[in-house]
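Each of the next two complexes has subunit A plus one more chain, namely subunit B in the first and subunit C in the second.
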Partner chain A sequence: MICRLAKAERRIQSAKAATLAGIDSTNHSEITLMYEQLETAESSDNLRRVAVDPVTRVEGHGKVTLLLDADNHVRQARLHIVEFRGFERFIQGRPYWELPVLVQRLCGICPVSHHLAAAKAIDQLVGVDPENLPPAADKLRRLLHFGQVLQSHSLHFFNLASPDLLFGFDSDVAKRNIIGILQEYPDIGLQGVKMRKYGQEVIRMVSGKRIHGTCAIAGGMNKSLSREERDYLLEDIGQILKWAEQAVALIKKVHCSNLPYYDQFATIRSHYLGLVKSSGALELYHGGIRARDRQGGIILDHQDYCRYNEIIHEQVKSWTYMKFPYLLSLGSEQGWYRVGPLARVNICDRIDTPKAEAARQDFKAHGDEPMIHSTLATHWARLIEVLHCAESIQGLLHDPDVLSQDLLLQGEKRCEGIGVIEAPRGTLFHHYQIDENDIVTKANLIVSTTSNNQAMNESVRQVAATYLDGRELTEPLLNHLEVAIRAYDPCLSCATHALGKMPLQLELVDASGRVIDRLVRESDGMLQRSLADA
Partner chain B sequence: MPEPVLVFACGNPSRGDDALAPMLLEQLQNSRAHWPGCEFLMDFQLQIEHALDLQQRDLVLFVDAAMDCRGPFELSLLAPARDNSYTTHAMSPAALLQVYRSITRETPPPGFLLKIGAEKFALGDTLSSHAERNLLQAGQFVESLLKEPDAGVWRQRLALIDA
Partner chain C sequence: MSKTISIDGRQVEFVDGQTIMEAAAAAGVYIPHLCHHPDFTPHGSCKLCTVKVNGRNCSACTFPAQEGQEVLNETDELREDRRMITQMLFVEGNHFCPSCEKSGNCQLQAVAYYLQMLDDHFPLFFASRELDASHPEVMIDHDRCIFCTLCVRASHLDGKEVFAISGRGINKHLIVNSPSGKLQDSALEAGDRAVDICPTGAILRKGIGYRVPIGKRIFDLKKIDAVSLAEQGGAHGE
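And then the complex of A and B:
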């Protein structure tokens, strides 16, 4: 009801935003690039630079730079991601069977995603295609993956996103964190901690270790669940399922309580890409590539991901080390797309677990268009996936195959393997070539956050143009930029976390490059202001 | 029932000096000495659910690599704190104690942090020579601590160091 009542108001707000940007809101192809003019300023003369470095509550390092003119009008907005480019050096020269363990060390937040993508790739190196994997191995890997997605999404929503959503983007910064949530919404905060813990316990039971598990190996798995392990996980899954349903209801309530704002904030109209089952249903572990355009039309469907090189290319831009993937058939300007929860829920025809499917239908019904483009709706989609994971875990725990010892298959050696999965943040590609001695000679990884690079930049520009233009910069205003980025839950491949290494720094730089003001938030939360020329 | 003493090492073994704490833990577990009453855990980074690992403990020692370490290693007593770290994917030990207090409504167990001096964190790097030397000294120090796993004794040692 709330959603329906707010739709009319939302349409008015959306039209206002489009009019503000000088764009016909009915023409989606023009809206796609509505903030591109802010990627590069015509001239940097007489502009001052504002840097938010690093962006907090995202994994690793991110930096937003804004070039402002004397009247504080935004003339350029960019998100720089300090992406680690050492994957290949780290992997090449190692025997292929080490890969599932080795690649877990690429990232402190989604090691299981890398583990499974690498395992799928090396299955092919030993001549085993995904459809031939023993059913027990396939189901155990899926169970592991559902545990991973559940814990990762839970961490993001409850710990990183809920403070903004429940307190407000411009609420007191001292309260806008998980401690504030635990104090004012203790039940919600505790659910977040316990759902995260449960996902980690699924990983521990399937892999045998809290971290660095070695369960997925070339051609299958090296252990199944014992009855005791299965029963241990069954004890709490009913509660987790209930909390997942409550979380979906909560995000719907939050989103619909201010629908025009939530549907407009940082919103961009993009294409979407991800894996789907052969039936068109949501798929997280193995399927074909589907891409839909911004109006819901199919761009490509059920494509074999082993041909990803013929579907996706990556563009290089001079101002950032991070690449910009795009659909080759549409070209670099029109072919950029989004991946992750919003993309997956948008591209699939259904979800094959009943509660999540009902939630998906509810989600889709709240919009006026075939696709939901609201960037903040990513949180809603993410929690629908949490519900799907909880239902799927429950189903798999009742499947006798997860206790089976028929776990391994070997075929004829091949020299090339490609593994693709839907990681929590989106489609993840692992591609390896080996020599006659089983040593990796070539590796290529496209991580989910790279696929969302253009989309995150577009969202940053939309927020900069809508909320920052012509106003004095304040912490709440800058948090709006971070809220937009955080919706994508970017993982910047930074597992390192040395104490005292990551202050938040805000600098004002004039046209000559001189720092005229600096605000530093140390890792202990202390704020320090210093004038460079003082 | 968990062991009364928890040693929690944070770090990625494949990121240069970030491997310091996991390596120290490995040394302890492989040493001839036995550590009754101690549990050793490690993870890449601390997160909210690790607050549940602190339940029913008498004493907790966090070990981590640090660039701002004064000397080869540095021991400090932790107090629960609402610092900025819980706004990232990794939490500080002090913030974790605060999460513990928030979810249990109880005072957390006495927590100490051992920082080990580090300088390089690139993926695929081995330990720097500087970190190797620090690891040796820090390992001997932790062994001496674990021989007397008592918060009062550790506080006294801290007072002596500060003096």
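And then the complex of A and C:
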């Protein structure tokens, strides 16, 4: 009921927004960046610079910079991400069979995704295409991947996102973290912890270690599940499935109880890209590339990812190290797209597991357009995927193939291999070339967060224009920027938002570069204002 | 009547001609070592097997056992010395256990665990050493060579003399006996003993890394002091 009322209201809003932005609703090539004018200010004279610059760990470094004029009007907003620099260089000169183990070490957040994408690529180097991989190896890799997505999504929702969603974006910063959740909503907090742990146990059983296992090798896997390992995982899967269903119900309630707000916050109307099964169903491990436009029209479908170079290009911008991928057929202006849970649930025709499929239909029905564009709906889509993972894990554990010892195949050597996978955060491309001595000579990676670069920037600009413009900056307002970024669960989120305790530093800089004000959020969540130039 | 030495107070029998290492091994006493292997002439270069014999430091792998010797093996002082030697071996090369395919089957790593080495202690040398992947079946990652000469001795037994150690001190390096200096032009063949003898991940068979799952590797199953000498030599991932 709430949903329906709010829907009508939101329809009017989105129609307004579309008119404002001059969106043509019939042609998918006409997609407009509504806040593009904020990407680069006309002139930076007399503008103050605000940097939201979290101190990060090793995975990446993200910061938001705002340029404000004398009346606090936002004139420019940018999200900068520096990550994986030197990555491709680092693995050159190493033998190809080290790749799955080497690359997973370079990302502490979703090591399994890199492990599997690299494994798929090196399968090709030993002459094994995905359809020829022994069924047991294929299923064990899928099991591993479902475990990974389950734990990554659970961590993100329960630990990183739920404090914003359950307490409010501008709630007390001291409470807005997982500790607060555990105190106020102990059941939900504990379920999150246990679901994550279960995903990690799946990873441990399949790969030998909770993080950084070594199971996927060129042409297959190095172990299957023992009966004991299988039975151990079966013990809890029923409970996990139940909790996953409850989590979907929870996010639906949160979303729908504030529908107009949730549907417009940081929302952008984009194209979507991801892998799908040949049947068009949701796929996380292996499939063809599909892209849909913002009305749901097919831009491309079932494309072989080994030809990704003919489909996607990457644009370089002077102000960030992060590239901007786009669909070649639509050009760099129109061709940007989103990847990840929202994209996957949007582009697929259905989900092959019944509970997740019912949840998907419910999700799609809440909107009044063929595609759901709400950025915050990404949380909802993410939990639908959690449900799908739980159902799929249950199915695979009952499949005798996961106990099989027929795990390895070798064929004719090749010098080029491409592996693509749907990582928790979206489509992940690994592309390698080796020389006749088995040594890596070239590597190209497009990580999921890169694909969402344009979209995250557009969401940041939308939030800056909507909520921050003309106002004195406070921590809750700045948190709105982070809520927008966090919805994408970018790779840097771990570094910037681990338990909401990372120190944040905001600086106001005048046009000459002088720091005139500084706002520091300490690791205990306390805010301190310190005048600069001291 | 058999002859005995005492190791840490325990009476250990030996026969004439045995080294302290051999006598200890026969009695099931573990003396940490890296360059020693029962099948090859002792070399005495790594010094990890240093024990105190009647108060003096000796290499157990080369020192002959003699009636009545008082040998100290597991003392705090020796353990500390051995740990330092291992740390030096680590910093001298480039040993990245997390991604190394020999991890779990590597004697250097296993010895470091045994000696409870928790850090490098010394500054890393960041040695710049080349990888030789020219041979179709075998690869040398010079980063991981600890100059134990086991491959040199094994290749000698293979009747090929493919390997040698050249240079001294910091310039010491493993060289390959071929016109180009590359492995592909040498006489090395996949069936050679020298291919599987390396105690670290310096000489490897290509394309089979990581085939043994975590939990099933040699030193996942037993600590190095419980693995027989023969099992340790040529410990590989297959």
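In this section, the second predicted complex is superposed on the first by the 487 of 534 C-alpha atoms of A that agree within 3 Å, B and C clash if a C-alpha of one lies under 4 Å from a C-alpha of the other, contacts with A are read in each partner's own complex, and residues count from 1 in each chain.
Heads up, the rule we're going with is that contacts are C-beta pairs under 8 Å (C-beta built on N, C-alpha and C of every residue); 3 or more make two chains touch, one makes a residue touch a chain.
Quick caveat, the model's predicted, so the values are computed rather than measured.
A.B. asks: Should A:R89 be classified as contacting the first partner (subunit B), the second (subunit C), both, or neither?
C.D. replies: first
A.B. asks: For A:L182, decide between first (touching subunit B), second (touching subunit C), both and neither.
C.D. replies: Only subunit B is touched by A:L182; subunit C is not.
A.B. asks: Which holds for A:L328: it touches subunit B only (first), subunit C only (second), both, or neither?
C.D. replies: Neither: A:L328 stays clear of subunit B and subunit C.
A.B. asks: I'd like to know which partner A:A70 touches here: subunit B for first, subunit C for second, both or neither.
C.D. replies: After superposition on chain A, A:A70 lies in contact with neither partner.
A.B. asks: Which holds for A:K197: it touches subunit B only (first), subunit C only (second), both, or neither?
C.D. replies: First partner only, subunit B.
A.B. asks: Of the partners subunit B and subunit C, which touch A:G208 in the superposed model: first, second, both, neither?
C.D. replies: second
A.B. asks: By residue count, which of the two partners contacts subunit A more extensively, subunit B or subunit C?
C.D. replies: Larger number of subunit A residues touched: B.
A.B. asks: Please indicate which partner A:W97 is in contact with in the superposed arrangement: first for subunit B, second for subunit C, both, or neither.
C.D. replies: second
A.B. asks: Taking the two structures together, which residues of subunit A meet both subunit B and subunit C?
C.D. replies: Dual-contact residues (subunit A): 102, 105.
A.B. asks: Which bits of subunit A are touching subunit B when the two form their complex?
C.D. replies: That would be residues 56-59, 84, 86, 89-90, 102, 105-106, 108-109, 111, 155, 158-160, 174, 177-179, 182-183, 186, 189-190, 192-194, 196-197, 200, 210-211, 495-502, 504, 521-525 of subunit A.
A.B. asks: Using the touch rule from the top, collect the residues of subunit C that touch subunit A in their complex.
C.D. replies: Touch residues, subunit C against subunit A: 98-99, 101, 131, 133-134, 139, 206-216.
A.B. asks: So in the complex, which bits of subunit B are touching subunit A?
C.D. replies: Residues of subunit B touching subunit A: 10, 12-15, 17-18, 41-45, 47-49, 51-52, 64-68, 81-90, 92, 94-95, 98-99, 102-103, 115, 118, 121-124.
A.B. asks: Quick check on the complex: what are the subunit A residues that touch subunit C?
C.D. replies: So the residues of subunit A in touch with subunit C come to 93-95, 97-98, 100-102, 105, 126, 207-209, 212-215, 217-218, 222-223, 408, 437-439.
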